[in-house]
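The structures come next, written out as structure tokens.
After this come two complexes, each holding chain A, first together with chain B and then together with chain C.
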Partner chain A sequence: MQISSVLEDGSYIISIDGDVDASSSIKLDEAIAQAVADGQSDILINCENLNYISSAGLGVFMSYIEELKAKNIRMVLFGLSERVENVFKVLGLDQLLNIVETKDQAKQRTHE
Partner chain B sequence: MLASSGIIRFTIASAIVCWLGLCLVDLMIGFEIRNANVELGVPRFLSIILLTGYIVSLFYHYKYRLATADNFNFVELLWRVFVTGLIATIVSVFIQFFLSFVVSGSKLAQHELLLSLLYHINIGLILAFVISTFLVWKKLVLYQKTKALLRTWQVFEYSFLASLLFHFVPHVRFDLPFSLIFAFLVALGLVISPNLKWIAFLNFKQKWKSILLILLILLYLCYFLFYLLDQKDNELLISDLTSHVSVLAIYTFIILYAISSLLVTLFNLPTTSVFEQKLEEVVNFQRLSQSTHTGQNQDEIYDLLLESSMSATFANAAWFELNHKTNGEGMITKSIKPADIEKIRAALKEQNPKKSKRTGVTSRVSNQNSTLVENIKHSYFKSVLVYPLEVQNEKIGTMVLLKEVSDGFNNDVVNIVNTFGNQAAVSIENHRLLQSAIENERYLEELSIAKRVHESLLPSTLECNEYFDITAYSKPADEVGGDYYDTHRISEDKFALIIGDVSGKGTSAAFNMSQMKGVFHSLAQIDMDPQEFLVKANEALGRCLERTSFITLSYFILDTREKSVMFSRAGHCPSLYFQQSKSKLEFLKSKGLGLGIIRNQEYSNYVEVNRFNIGTGDLLVMYTDGITEAKNPMGEEFGYERLKQVVSDNINKSAVEIQKAIVQGLLDFTQVGEIEDDFTTMILKFR
Partner chain C sequence: MNNQLKVPCRKEKLKDVRQFVEQFLQQRGVSEIEAGEMVLAVDEVCANLMIHSHQCNPRKHIGVKIKMINHDQVQFEISDYGVGFNFCRYKEPSLEDIIKEKKKGGVGLMLVKRIMDSMEFIRKANRNVYRMVKRVHSV
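Take a look at the complex of A and B:
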């Protein structure tokens, strides 16, 4: 799995490429922690190339929910495949995270 | 075949009998010669037979006695010879003393019978001494024998035994046949004499002892020779050893070998220390290579390396320090003060960048970091050797050897240190491998305990009554898993059912699962609705789950009197429900959120209670995501639709048969024996 973080038109985007399993979830955790430490107010997660996410990966997103809320940081996930989105939905994380279809929608969401 | 102890006893007995017989016969023959008028009729050859018998008996006696002593050392062997000689000499000297002083001048001193008897005692002792020495020499000669040497020796030995027969032929001392036989045996003895390998294996002290013992043995041999020569012309004594070719030949051989041993030992004295040094190196090397087997720990290996290297290089002082990064602290010092260590370190640091002289030797011995050899400016130590100890390309420590002279470490010495170092590295590596193997074994043992505990966490029987059948199947991916299912009978008609999945796999998941079981059995007893159950469970588990862990579960309350089901879903994959009356198979969709995701009161907003009625033939299939997320070799997931299809195809079968169909369908799909995640199903069918 590859993780890359870029600043694009003022939006901080973390792109995930590949599978997020127990071992690679650590890299995802580090990337989000870095974004939070940098003081970003909006974090976009590009899931266009996210193939599979394990419970450990879901655990990473889950563990930031309360912290982001407290620091008033918005995190938006976009580009999820149907299968990956269903995993979030089954667990109920769709109720707590912002999940949109496209990057534009995600940028829009952060500017609301 | 007689046992060797039997032979030893028999030969000593026959030797004594022969000797007594010889005395008697010789006395009688002597008596005949002195008194011409007396005719005893004792044939001369009887004396020769008895003497030969005595020699042969002694020969075999010592041969077997020495053969039984397998673990000998050379000095001990020489000591034996020395003691035998000492006893023989003391007795002989005593006899001489007795003749010269006690009975001299008296009639007794001239008495032929007495003289003859004393002479026979003497030759008995001399022969015993000569033959035992001969056989000890044999042992020394044949040390590290070759096939050729063994053959030569056998020829020598058999020629000696054969030459005994020569005496039955009348002869004069040193006539032609006598001289030929004597020359042949002595020539063979000369060929054999240079075999002195044993001397090389003596240490300095042993060599001195050997020299002393051999000198004394030579002294006895000379003394006896003079005695025999002195007595040779006395016709009345009958058995003259000096005209006995065999005895004379081996007597000569013994003296030759003793002299050559003495000289070689003497000339070997100065080089002994070098040989000892080499031997010690071999022993140290062996100790290093065997240290793993003898269960020594790493510190002992370092110590052994340091000691071996010091003694091999004649270093005056040394220390060994472990690389702090990997091994914590550890320092072994020999004959050096910490203050000096600091000084030398500083001196090395100062000199190193400018003129570090890397030896070419080391790169040839191994591809390791090279050993450093140089002279240093220090008040006491003038040269230093620095050896980095590496195990699997990781530097684990440094050994520093010091000498009081400059240019103290030559290439040979560096080679030896390298060899020791390499062996120590191998030993340490073996030690580590052994250690990790033991740890692994312990880990497996712990896992098998965890497995037993885990199995005991899942119920052995499921609660049910006459209105429904229930079955469950669970298989962890590792020894232990995080899937959980259970039932609880709240009242006669009311049942609580649970299926859950702890995030992650393995031991930590199983640990959380056991907490889940505790929560279920505490809360299920209180008849609360499923939503309330989830809220309470979330509160309880939220306190003990790790930050990134969560639990998903579905909780059902089944009432067989009212024929109803209430359920709540905490982020668990939706269960499959088949309604017989409508022939409809569908996933039970409902709002829900995994336990532990929100760890406060807000949680209740994210879950809901659902209620539906049930009838005969209805089916409820509960499962975990290990089934829907199982992948085939192409990377496709089993998914919800395939699960639904399998259930649909088997809808009229019993709960157990449907379960079998699901497990079989899953295995057929994945095509591999193993499924990566834990997977579980619990199936309930109403009658």
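Take a look at the complex of A and C:
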């Protein structure tokens, strides 16, 4: 699994490539922690190349919900495949996280 | 056809487990979404055993066996040796509590419970079998 973080037209985007499981979720955790430490007010998570996510990855997203709320940071996930999005739905996490289809929608969401 | 796999308790091997389950289900025409859920459930149980039962000791192994029952159910048997864990008695925490406590784990078995139709823990001598069955609609 590869993670890259870029600042694109003022939007901070973390892109995930590959599988986020028990062996790799730490990298996702570190990338989000870095964005928070950098003082980003919006974090977009590009899931276009996210092939698979297990509870370890879901756990990373869940563990930031309270902290981001307290710090007024918006996190939006976009580009999830049907199969990956279904995993979020099994737990009802699609209701607790911001999930949109495209990058443009994600950018819009952070400007609302 | 190959329906059994044995892997050492290394988290990096979870990908092999997923590929093995994926291939078995694909060959039987199980739909993408249903296959995705089952791959996830097996991954979660194996990750739990590797991490919590065997502390990622690569000299310990986990077995995974899959078979079809009556053409419309898939049975998974995950097995290991040592201290077992009755995963059927696992009490689901609430999502709210997990979020409040900022825990990074705890939803794996919750996913398994929601995905599978039945779960059974069988212990014989020193061997543990974690059996799960899921009815599929697409075959």
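Worth a mention:
FYI, the second predicted complex is superposed on the first by the 112 of 112 C-alpha atoms of A that agree within 3 Å, B and C clash if a C-alpha of one lies under 4 Å from a C-alpha of the other, contacts with A are read in each partner's own complex, and residues count from 1 in each chain.
Assume a contact is a pair of C-beta atoms (placed from the backbone, for glycine too) under 8 Å apart; a residue touches a chain by one contact, two chains touch by 3 or more.
Owing to the predicted nature of the structure, the values given are computational and were not obtained by experimental measurement.
In the superposition on chain A, contact of A:E82 is made with chain C only, not with chain B. By the touch criterion stated above, A:S63 is placed in contact with chain B and with chain C alike. When the two complexes are overlaid on their common chain A, residue A:S55 makes contact with chain B and with chain C alike. When the two structures are aligned on the shared chain, A:S23 is found in touch with chain C, with no touch to chain B. More residues of chain A are in touch with C than with the other of chain B and chain C.
Of the two partner chains placed by the overlay, neither chain B nor chain C lies in contact with A:A33.
The residues of chain A shared by its contacts with chain B and with chain C are 22, 25, 29, 55-56, 58-60, 62-63, 65-66, 83, 90-93, 96. Chain A makes touch with chain B in their complex at residues 22, 25, 29, 55-56, 58-60, 62-63, 65-66, 83, 90-93, 95-96. Note for the complex: chain B touches chain A at residues 501, 503-505, 547-550, 552, 570-574, 591-594, 596-599, 606, 625, 637. Within the complex formed with chain A, the residues of chain C that make contact are 11-12, 14-15, 18, 32-33, 36-37, 39-40, 43-44, 47, 50-51, 95, 98-100, 102-108, 110-111, 114-115. Residues 19, 21-23, 25, 29, 52, 54-56, 58-60, 62-67, 82-84, 86-87, 90-93, 96 of chain A are the ones that touch chain C when the two sit in their complex.
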